[in-house]
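Common to both upcoming complexes is chain A, partnered first by chain B, then by chain C.
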Partner chain A sequence: MELMAKIAFGVYTLIILCGGILAVAAKSLVRAMVGLIATLLGVAGMYMLLNSPFMAFMQILIYVGAVCVLIFFAVMLTRADAGGEEAESAPLRQNTLALLAVTVVGGVLSWLVLTHPVAGTGVPVEVSIEKLGLGLLGPYGLAFELISVVLLVAMAGAVLLAWERRNGK
Partner chain B sequence: MPTELIRILISLVAFAAAVGLIALVMVWVERKVCGHIQRRPGPYEVGPWGLLQPLADALKLMGKQLVMPDQADPFLYWLAPILVFVPVLLLYLPLPVGDGLYALDINLGVLLIIAFAGFTGLSMILGGWAQNNKYALLGAARTVSQSVAYEIPMLLSVLAVCFVSGSLNMAAVVKEQGTWPWNWNVMTQPLAFVIYIVSALGETNRAPFDLPEAESELTAGYHTEYSGMGFGMFFLAEYANMIVVASVATVLFLGGWQGPVLPGPLWFLLKVSLLVLLFVFFRWTYPRVRFDQLLNINWKWLMPLAVANLALTAFFVKVAQYAFVK
Partner chain C sequence: MSPLTLYQLVALLLLALGLFGICQRRSLVGMLICVELMLNGAGLSIMAAAQLTPANAVLGQLATLFAMGLAAAEATLVLAIIIVVARRFGTTKTSAVTTLKG
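On to the complex of A and B.
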């Protein structure tokens, strides 16, 4: 079983990385979205591996089923054609900075993992949704409410942006 | 390899075969019902009562050349038909066809189906965009607003049933209902059943909600440029989705495999076939709705009703818990 888990981990990591590269390197916005979807699916697989199918299904339901569809809607409204602005490659400066960011973060993380390897944590226990719900409304109630405030702020911000643009015309 | 994995693989192959067979039967039923409703005989030349007509159609589809438009995006163009069909097979995994007869014993079966059902809409819009055809793009745009809108009342009505049953495990939901029709969830949740059926028609793009592929306006909608089995995959997925939707309705509202006298799997098949026949009757009875009507039905009727139903259900479930369980 442990070997299977390792193989699954490798496959999911590969999916996440390939999706990420496709999302960054793709010439068309819709292809980039497909890369994003692959990454999200890989992350859902990781949740499965952590024995939390509820999180995995929610990840697929919300991010793949709803958020990506809405992103596509936004892309379609902008009429992004093949020869659009985003199809050109980014300037050299931007590429160098991005590469620097990747190597610094990746380097620090891999240095940490290599020098302080985690001893086996054991098989994760599946938490029932009943426990999850009670936790969200009980001990973690404040965090749960704060997240909804963040969503409210985002929504209000979107309305505000649209409002100003309409007044400007 | 663990036995669980082998079991899932074997069931997936069986589901793929079953979906192909069911699609053949469904095409025949649909054309016959359509014919008789419009006072035509329907197909009758190939085989007895035209029974072999869908087989001939399927062979023709497989033999056709696969063509891709010049300006299309090749990667997305070929990804979409695969992405529309493969996840559908996963939806059959948690369905309990009989007592203990399911491919995957999972506590979150309802959630699995709802989560992976989202791939259908996604692949439709990817395919619609990749073809670089204005009709396909319009079909894709309609798919987006339709699937996003109709998903919400569907989820809310399913959730109401799960409140009553206290479980997301499909086998447990069936077990909790009784043998006789008055023990089924449809008696306690009639409003949720109606909301579920209407929004299921919307989710599966069946008439009267088939705007993404409205022939008279958009030639063929989101699959205009697909030929041969490229179109065949979308077609198969549509019927496979219909069966899934009817099966979920059977499990959640109509007592699943429970029923008097006859064995369980037979009851399950009977209920699913009746529901699918109902969908076919709807298609040839009601004219296609206009786009603003489609969105108005959802946002002004289904959504408030589903929310009210959910709130009332939660209230009564709590009252019942305090009154009886305590």
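On to the complex of A and C.
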């Protein structure tokens, strides 16, 4: 990596780390969501570093634009404000078990990553949007159609679940 | 350390943060935020593996795109479930939603 790329990588890693810690540890859910947005932007920066600005744009469009707004709706609709659910700290047993889970999973995976390094090419390949579009219409067309069906079903299911009956109940 | 290893470690960091959060959060919305963190780690990992190895880069980018779409669908459904739970129990604390507990 060049020097600038290294600096940018460090900055993005720092953004991801701080945002992630805020998202996990903040007492207020709105603050946690701000942390999540910072993390998502950091990951978008990583995509830029990986030479794929289209994916960075999609990350910002889908995650920051759609998913975060959905989560904000969830926060507002359930009135989970600052004095609400996350105000008191978690019991010690829950924290210990969470730490144990992270240690086991993170330990095994980082051991795997560090002991079995894949000799990758140092320079990220460039993929044009035309190639992505041809892939979506050609060999991966079925997956593309399936994901649209999944999105449609999810949308219809969400409307059905949250439907409030006017009469009766 | 190769760049690929560094990217995988950052993805692992996201996974660890999300996993810790999902075990430790006590409201459904907090857990949803942590699930999004983990899905982002998965996307970053796929993306790094696609761009920095001789593997098929188009397939990797499209896989990340599909993971984003699935995350959006999942967030929609979880939002609906949270609304139903909040309507029925009056709260989204996970400790309060224990009807099945004997």
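Remarks
Keep this in mind: the second predicted complex is superposed on the first by the 160 of 169 C-alpha atoms of A that agree within 3 Å, B and C clash if a C-alpha of one lies under 4 Å from a C-alpha of the other, contacts with A are read in each partner's own complex, and residues count from 1 in each chain.
Operating definition for what follows: a residue touches a chain if its C-beta (ideal position, glycine included) is under 8 Å from a C-beta of that chain, and two chains touch if they have at least 3 such contacts.
Keep in mind that what you see is a predicted model, and the values were worked out from it rather than measured.
After superposition onto chain A, the modelled positions of chain B and chain C are compatible, with room for both.
Judged by the touch definition given at the top, the superposed model places A:70 against both chain B and chain C. Look at A:37: by the touch rule set out above, it reaches chain B but stays clear of chain C. In the superposed model, A:108 lies in contact with neither chain B nor chain C.
Of the two partner chains, chain C is the only one touched by A:151; chain B is not. In the superposed model, A:14 makes contact with neither chain B nor chain C.
By the document's definition of touching, of the two partners only chain C reaches A:136; chain B does not. In the superposition on chain A, the chain among chain B and chain C reaching more residues of chain A is C. Of the two partner chains, chain B is the only one that A:53 touches; chain C does not reach it. This overlay, made by fitting chain A, leaves chain B and chain C with a least C-alpha separation of 15 Å.
Where the contact sets of chain A with chain B and with chain C meet, they give residues 1, 54, 58, 66, 70, 73. Within the complex, the chain A residues that touch chain B are 1, 4, 28, 30-31, 34, 37, 53-54, 57-58, 60-61, 64-66, 68-70, 72-73, 76, 128-129.
The residues of chain C lying in touch with chain A in their complex are 1-10, 12-21, 23-30, 32-34, 36-37, 40, 43-44, 47-49, 51-54, 57-59, 61-62, 64-66, 68-84, 86, 91-93.
Residues of chain B touching chain A in their complex: 1-2, 73, 75-76, 79, 106-108, 111-112, 114-119, 121-122, 125-126, 129-130, 137, 140-141, 144-145, 147-148, 151, 168. Contact residues of chain A toward chain C in the complex are 1, 9, 13, 16-17, 20-21, 23-24, 29, 32-33, 36, 39-40, 43, 46-47, 50-52, 54-55, 58-59, 62-63, 66-67, 70-71, 73-75, 77-78, 80, 84-86, 90, 94-95, 97-99, 101-102, 105-106, 109-110, 113-114, 117-122, 124-125, 127, 131-132, 135-136, 140, 143, 147, 150-151, 153-155, 157-159, 161-162.
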